[in-house]
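Per-chain numbering from 1; labels A, B, C and D assigned in written order.
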Amino acid sequence: MTDADPARLYRTVRLIRRFEERAIALVRSGHIVGGIHPYLGQEGIAAGVCAALDAGDLVTGTHRGHGHVLAKGADPARMMAELCGRETGLNRGRGGSMHAADLSIGVLGANAIVGASPAILTGAVWAHRQRGNPVVGASFFGDGAVNEGMLLEAFNLAALWRVPVLLVCENNGYATTMPVAGAVAGTITGRAEAFGIPAVVVDGQDPEAVRQVTAAAVARMRDGGGPELVEARTYRFDAHHTFEHAVRLAYRTPQEVADGRSRDPVDIQGARLSPADREAVDAEVETTLDAAVAFALAGPEPDPAGALDHLYASGLTARGGS
Amino acid sequence: MPRLSYRKALTRALTDEMTRDESVFLLGEDIRVGASNVTPGLLKRFGPDRVLDTPLSEQAFTSFATGAALAGLRPVVEFQIPSLLFLVFEQIVNHAHKFPMMTGGQCSVPVTYLVPGSGSRTGWAGQHSDHPYSLFAHVGIVTVVPATPADAYGLLASAIRHDDPVVVFAPAAALEVRDDVDFATLAPVPLGRGVVRRAGDDVTVVAVGHLVHDALAVAEELADQVSVEVFDPRTIYPFDLDGLLDSVSRTGRLVVVDDSNRSCGIAAEIITSVLERVPLVAPPRRVTRPDGAVLPFAPVLDRAVQPGREQLTAAIQLTMKDRS
Amino acid sequence: MPRLSYRKALTRALTDEMTRDESVFLLGEDIRVGASNVTPGLLKRFGPDRVLDTPLSEQAFTSFATGAALAGLRPVVEFQIPSLLFLVFEQIVNHAHKFPMMTGGQCSVPVTYLVPGSGSRTGWAGQHSDHPYSLFAHVGIVTVVPATPADAYGLLASAIRHDDPVVVFAPAAALEVRDDVDFATLAPVPLGRGVVRRAGDDVTVVAVGHLVHDALAVAEELADQVSVEVFDPRTIYPFDLDGLLDSVSRTGRLVVVDDSNRSCGIAAEIITSVLERVPLVAPPRRVTRPDGAVLPFAPVLDRAVQPGREQLTAAIQLTMKDRS
Amino acid sequence: MTDADPARLYRTVRLIRRFEERAIALVRSGHIVGGIHPYLGQEGIAAGVCAALDAGDLVTGTHRGHGHVLAKGADPARMMAELCGRETGLNRGRGGSMHAADLSIGVLGANAIVGASPAILTGAVWAHRQRGNPVVGASFFGDGAVNEGMLLEAFNLAALWRVPVLLVCENNGYATTMPVAGAVAGTITGRAEAFGIPAVVVDGQDPEAVRQVTAAAVARMRDGGGPELVEARTYRFDAHHTFEHAVRLAYRTPQEVADGRSRDPVDIQGARLSPADREAVDAEVETTLDAAVAFALAGPEPDPAGALDHLYASGLTARGGS
């Protein structure tokens, strides 16, 4: 079931990379309001994990979530429209960067609260299986999240009830400006092992390595295994958030950043294609993204009269504020 | 007619809804044994996949319920003590409540949060005696506080069928209420609809939850001096303003008695909503917990902090003397 | 006179209080680097023992602050986003707030919770745009929402010196406000004391936080039609009712504009508190967020959900037409 | 500094045992309202731990907290008055069983919220040390608490900042009716080790064993060591809460309970005294508790006019409710 085609994997990595670069440009041009948390440098993780999932499987993402949503198969055009706050966006412009979701393809959403989504995913996977739909799930979170109690509670629940969720820790070395060593007593894998959850470290810069580790875990989970954790070591190439482009925060040396950027998942996976194949993918990705940006910018802004639409799924109408 | 206790009514609603709809399931602490005496027997009847005992991981199991709801089930989460809602405030308010809007209408989160034993249980003191329903009215989560066994049944059933999160507060002081009930008439009670429990002409008393019974008692006691109408909102968010306006526009006087803290409580909301719409012939009054209340342990102090019949009697009498 | 920005005023208050009192220390996420731009420079000045960067463990570090306060220190806890208060609601409400009462007066818990950037920061969407100050007014925790740089300084300083927990909301929409300030006059502003920002005769507008500036602008715009008095409560719990009654008993009309949700919000509390005491010549009005508001991402929707000048203008004009 | 006198240790164990038995009688007679969570069977833990602490050290307890408060040295008379809700109680009758506190002897309080107090204790110990007062702390919690995220966050903070707190897990096999195996994925000690916190299992029925393990940990902590965890294996002899005396909850077999009760810390420590010494201690404890009960019952009930006293330490006066 899992997709080992290097070109497809490369395409995903490249798509995310170029999507993010275009999104940053749209932040600069004022088309995306509020900024984004760029996923640059970490693309191999979302791409590798999702390549090992089935269409029906579920994922949850983070504040740095564009890669997760795209890798699971969301339409880049509707995703970009969402970032631009358009009615044509995945969430009708209601969610934006930190809440982009596409439940139709199993993306239960990016999530702006660090550590919050693994418990949600665990419940969703469990419920699908109760209903006879034997999906598995993958939940992405950062190295900062492993210090959130609610995340560790979710580890316990998933392990106790043997819910097949892959806990994917994207260890990019920092939670905003806080280095891992300053925040994580013990180790990340040790936190999983404490709950009897098998844990493994993988090179997050190598998309294929991530895919393989995930595929093996997913196979065990489909066979009746419980949760597993993958710690993907990676590096955030850009700012924590685009606001950092304006306000310099001194927490990484230029040398460290240069070193980190030297292992680029786009190049690592790209090297597995012939130059011609790589160029072809790159060109197709540009075409796709040209169209995505055009679609996004052409989309209508939501009508303010609908500002309270969807506040209640039950159809309850909220009283207005004046 | 058979007698039905409030507590048994909750059990019956759970049983009926679980029977009716396979997607309903329960989770919480010690619910298999039924420590809070609302869920006994359900494990045997519905099996361990639908009656889940959880570890003491309130945040995770609350969000687990959110996820299960996103996947099409209808979880009912029992919380042993009301302040556990503080612990999961983030999971309810920032996630379960916000998903439909944030996803642009892609999903619903039909979870019921059941607190059997809210408010003071004499002797349980500071951290176990909260009545935080007004907090949920503020954040905009459907919130019900049934007063009678029939309503406990009907509002819990409606909560479970509702497509958004609903918090059900079952006040400890109401759990032992018993009524004569024709079981055949037990039915879902519509959310957001109040009811006049006692008709009257001079003053409308809005009473929440267990205080409905106190209000009725006070109304009887005062019957030869003043004709008191008692309005039970049943749902405090969304509030049945139309129902209440019917009453208040007849009586012209309004007293609210409510067991939550005074500042920014539901009593303030009710009074403001009424006064935005209709004038009163006397200033409104409210009988509540004090501002920032923490219930002290000693029973005499605990009682002093809760709204009671004496204060309500005084408020009604003062209102009858007042003229705007 | 030098210009002082609201944000710098917060930094200055922290600096002055840390200098004045060794027992004051800061903790929070990314405060050493000063990611939210309120704490830059403080690490260098006061050292790592008084400026603690925490892991993402909000519940633990909030209770860590409670413990440190019990042991005689005065922690200031910075929260990067307002909804983190949901996550630590239990730790603040059920512990920090309750310790003095539950111990029978054995201790105090002087902690300041600082949220620099509450309410909407356009584009931050559903989970980052809350303005939950009314929740704290309900539970009875001292809550301030400064509107101006001088008040940001003075209220934060008072919060730090106060012997009970205080939540300081610094609205995102006020952070860039700059005023001419004589630095020598910067001083603690008493908690629980409001101020008339603009005198007027016809209607009292109570405005909270950044909305004070909107209210002043609207008052100017309407100056030739109606004389608007603008009252800034500054502290929303405990509320300066006496101060407001002074104003309302002169004007006889009341409009409240407040950026929290409507139901059980501070606007309802203010209106009810006034009407319990003095009659108005026209029904009260409030301009708030809608019930249960979740701020949608798209800027046009985000704005539509927040109370603004247009709605306030309309409310004032309608009030002037009304007669009770 | 630590007290290895077997008679003293026995006295503490015996005092707690008989205090609880008398408290249960006062629950039955209606003098203690709301019931209690009896500490019967677990006395050796509080006694052993506190025997290894100094007077200035700090502790926090649980809902099952009488033993912790007494072992740290609280006056049994004022403690009993507190349970009876009297003005003469430790907390002036405002706290009751689940909130009994005596800050003057370092008892920051029993705490009714499972898992909540270790973070508080960590902050308090840290703050004392900042102020030049090199105390250590011990925080008691149950096996149920190790599934609370806030507790695990506290483990991380204490470990990161090397705050000398002893994390004492009283593993009595159940959280109310939930057996450990149904709630704890992995192990209890593994949860500490995940944060780099040394952890050890001790026989909680042997007060002296607990004291020794604690003394060794405290010595390391006073020498600059960070937090440690002790998992004390024990058994709750009586109900989860006295309400269970009225409502039978079926979760333990009579055989299991009999087995559990067969290893009694009172007898285990008592056997270390001569029969005469033991009798002398027992007699003294009865005299003390006779006086405690008499003191408690003679104390005045609080004046309802003071119901809002101490709500605010700052002197702020709360608005009443009517």
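Operating definition for what follows: a residue touches a chain if its C-beta (ideal position, glycine included) is under 8 Å from a C-beta of that chain, and two chains touch if they have at least 3 such contacts.
These numbers come from a predicted model, not from an experiment.
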Chain labels contacting subunit B and also subunit C: A, D
Remotest chain, subunit B as reference, centres from CA atoms: A
Euclidean distance of C-alpha centroids - subunit A vs subunit C, Å: 35
Intercentroid distance (Cα basis), subunit D paired with subunit C, Å: 39
Distance from subunit D to subunit A - Cα centre to Cα centre, in angstrom: 45
Subunit C: positions in contact with at least two other chains: 54-55, 57, 59-60, 83, 87, 90, 94, 101-102, 125-127, 140, 238, 263, 286, 291-294, 296
Per-residue overlap in subunit D, given as positions that touch at least 2 other chains: 91, 93-95, 99, 111, 113, 147-150, 153, 156, 160, 182-184, 311-312, 318-319
Graph class of chain-chain contacts, one of line, ring, star, complete, other: complete
Complex interface listing, subunit B residues touching subunit D: 29-30, 32-35, 37, 53-60, 83, 87, 121-128, 262-263, 286-294, 296-301, 303-307, 311, 314-315
Subunit A-touching residues of subunit B, taken from the complex the two chains share: 23, 25, 49, 54-55, 57, 59-73, 75, 90-91, 94-95, 99-110, 140, 142, 162-164, 192, 238
Contacting residues of subunit A [partner subunit D, same complex]: 147-153, 155-156, 159-160, 182-187, 190-191, 193-197
Interface residues, subunit C side, partner subunit B - complex: 83, 86-87, 89-90, 93-94, 97-98, 101-102, 125-127, 130, 134-135, 137-141, 237-239, 260-261, 263-269, 271-273, 275-277, 279, 283-286, 291-294, 296, 324
Complex contacts: residues of subunit A adjacent to subunit C: 32-35, 82, 85-86, 91, 93-99, 111-115, 144-145, 147-149, 175-178, 182-184, 240, 247, 249-251, 301-302, 304, 306-308, 311-312, 318-322
